[in-house]
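Read through the structures below before going on.
Both of the next two complexes hold subunit A, though its partner changes from subunit B to subunit C.
On to the complex of A and B.
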């Protein structure tokens, strides 16, 4: 009993940090979303005005943001699965090096990678010079940069390591013997993938998708740097805390985005599970 | 799919992952005025310009102070938490870790603006302290996860023997536990340092007026493609990748 209390005491500082710097700010932020601004001061009378405002004015941006995030998260998850599958089943000897590349690109360079894509996708960028050099186009393609596609490419690049790691860790949990059994019983590689590997990889795939989806839905730096006129919820929320100075509206926008995002993840997961059961 | 196709696919994915970083570094050596091709001559011109820039030096000092403080606090609190959790039943321990990792699931912008409004409400002046506290939120879970993973294979009976032989809890920790988990603790701290040095979004909202390297470089890259930004960016990546590389090595050694 005494030892148990000691263990709890050890965890206490971390829990206190979490409560003071995550739970409290988050709840306060939720409360703010029901306030309003009057001549640059917060008015603490609760109102649903912010949410109604979003419903009237930002429904299109909201739908676009979630759709773009879904495309980005799907791409990152599929590429992550390919990378993780190759590490686990195809290139076991190089697995450690491949894993290191994923870990290194995970922990560094968020802002600088976005900036680098500006130099890759621009009209004087690496990609356009290559295309012109190969004679594929005679004019540099201006649409590569400052478009939703540029946002998607950049975010997939940034999120890919975050997709690889959870998928790889779930693939590592599959014992070789199960794959061998399936193969010995005559399952083709595709059947092995569908019947043995994918069901076991499901938790990793789901967390990869969820993480990529939420983070890309809430990103504002990428649209600002490479998106041109592309407007996402992130590019609406960030200025509310800067030049527009409307925190209540910004808070309400954040919660609408998060709630719909989480709801979308849950329904996608449910749909995928259902489809998986029907296929078997 | 055949072997050749797999090779091409993996090569393409690796190139996709690393090419932005390599190009970023490459253009920092362009002697010309823009971070793009054509690159006529390579030089250290922009690196020199960077070192001579006073506001760069201030931002570098801020980044390092913040990063080191975050790393020290995160590894202390994270190691304590992991020690407590590793001696609890597995289920509640891992549920607690999952809860503490929640801030990692949120878009950093939401984290940043909710912290900003909270600090302002409590009249905490924005600056060094608010940035350090905010960074703890997303670095602490990494330290806990890494040290907890190491402690799962640690035999706590050794600590009990030391205690039975009359060692104080502190002495038992210093002579038995810490030497065993040392590499994981340092590795976790370095990951925290890497994440802190690299963070832009949360810092941007919680720093007030000063600058760290990422917020400093943000002002440059919004409007232009100057190789000066590439030099600073390369330095940031060099720091955070270097820390991560050492951390990965230490964590691998600690497992064996």
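On to the complex of A and C.
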């Protein structure tokens, strides 16, 4: 009994913080998503109007946001896998340095990366000047910046370390002799990857993908700064809590995003598991 | 004469300044059960890994069935390895682990299932076929690892300290198991061990290694009864060493006694196994006897080990079966100790 009380005491601070800063607001916003606004006042009559509104007007944006997030998360996961693979299997001696480099980029603030990509991709940016200088194009390409691609590039750059870390830690859990055993039984490098490394790294890959997916699906700053006319759910939700002052609609949008995002991750995980079973 | 199944010619491995394996020759004949025996750090595992293809040799040549495989990667060598720690795939069940190599070799699934089932029977783990690896005990994992390598029908099976992870009882039963497998399959096995008992129990040929060198190769009887040097003598079994000199066909021990022994003049070491020594030897021609003081007595069940100090200053150990009820010596007592001539093995030092 005493030990149990001690254990409770240990988790209490975290639990209290979680309840106060996450669970309570979460429940509050879930509740108001069923209310409505009338002349800047909350109308407490329960209604599904907000959800219907989203279904009618924002289905396209929702799909686009999830698709963009999926592309970004896939790119970050694949690049993260390549980097982590190199650290674990090709440059073991330099692994610590490579890890440090990956983690250091996390210190280079989020906004700073966005502005860096603005200067790289802009019409006066390094890339365009280079392309023009090489005579590959007559005039700077405007589409480089202010496009979904710019959003993807910026977010992949930002998310890469968060993809690398879980993947690397799962790759580190694979003992060398398992790979040697696969080689001994005749596995080519590609077969070692398919049959041993990827199945063993699956938990890391899934958490890398989930993390990147959720962050990019919810992001609204990057599209606003480098996305041009690119509209994501984030860029619709943010003003509901600001200029439009329609918290109920904003809350409803948030819950739709959250539900779909979590559903997407769960189905993704299930699909990976199924693919693993079928590949055997 | 047939060419050997496996032949290493001046094979060596250095890591920078550190020499793991000095250039050495090793021959394994088809059907052999060969042990590479040595203390830890002697280079035996490096040698085995070179043979398996996991460590590129610094120099020399490796031939399997007359083909040079020195630069052939492990995935294309006709050898298979049972790793220390097994290296089983935890994301596959027992059946999938065993069938993995056959699947890579694109063996038809009907044939594959048949061969996997045959292996499951051979190593007696049929009922565990659908278990995951983490649900198996150490001994069961050992069997899966063996089956996974044997199902490939390797021309030579390599085993890296195959029984080191098992407890004493299980090790003894797996030793019998390995002997049976070797007999039933008629394959060629090469294994690495630091345990001389295991090497003696399993192998029909032993290569004793020290400091990256093979000190002696031969049958267990040869290396045990006619060790090439004092290291081999003491590493395989336990032996007393007596310093002496041979002059004109007669060896005189520093401890006193002398006996006839043909050979060239010079310093010698006379080696006598603990079990060939006796207390209170008959004082007659054909027997060597020395005076010693008892320092300790250790009862070990099947035998008793007497620890003595010779009057010449050296330690002497005597192993006698069971307990000798007639011998009631206590530490400090003086005793005559010796052996019957013919039980000694003489090493020329010069």
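Everything that follows uses one rule, which is that the second predicted complex is superposed on the first by the 274 of 280 C-alpha atoms of A that agree within 3 Å, B and C clash if a C-alpha of one lies under 4 Å from a C-alpha of the other, contacts with A are read in each partner's own complex, and residues count from 1 in each chain.
The criterion applied here is as follows: contacts are C-beta pairs under 8 Å (C-beta built on N, C-alpha and C of every residue); 3 or more make two chains touch, one makes a residue touch a chain.
The structure presented is a predicted model; accordingly, all values stated were derived computationally and were not measured.
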First (subunit B), second (subunit C), both or neither touched by A:199: second
Greater residue coverage of subunit A in the superposed arrangement, subunit B or subunit C: B
First, second, both or neither for A:51, with subunit B first and subunit C second: neither
Subunit B versus subunit C as contact partner of A:238, first or second or both or neither: first
Partner chain(s) touched by A:110 [first = subunit B, second = subunit C, both, neither]: first
Which of subunit B and subunit C A:98 touches, first, second, both or neither: first
First (subunit B), second (subunit C), both or neither touched by A:64: neither
First, second, both or neither for A:220, with subunit B first and subunit C second: first
Common interface residues of subunit A - those touching subunit B in one complex and subunit C in the other: none
Contact footprint of subunit A on subunit C as seen in their complex: 52-54, 73-76, 79-81, 83-92, 96, 100-101, 104-105, 148-149, 152
Footprint of subunit A on subunit B - complex, ascending: 6, 9-10, 13-14, 16-21, 23-24, 27, 34-37, 77-78, 80-81, 83-85, 87-88, 96, 99-100, 102-103, 105-110, 113-118, 121, 133-134, 136-137, 140, 144, 169, 191, 194-195, 198-201, 205, 214, 217-218, 221-222, 225, 229, 233-234, 236-237, 239-241, 243-245, 248
Subunit B-touching residues of subunit A, taken from the complex the two chains share: 3-4, 6-11, 13-15, 17-18, 21-22, 24-26, 28-29, 32, 79, 82-83, 86, 90-91, 98, 100-113, 115-120, 122, 124-126, 129, 157, 160-161, 210-211, 214-215, 217-221, 224-225, 234, 237-238, 241, 247, 250-251, 254, 258
Touching residues (chain side subunit A, partner subunit C) in the complex: 175, 177-178, 180-188, 191, 195-196, 199-200, 276, 280
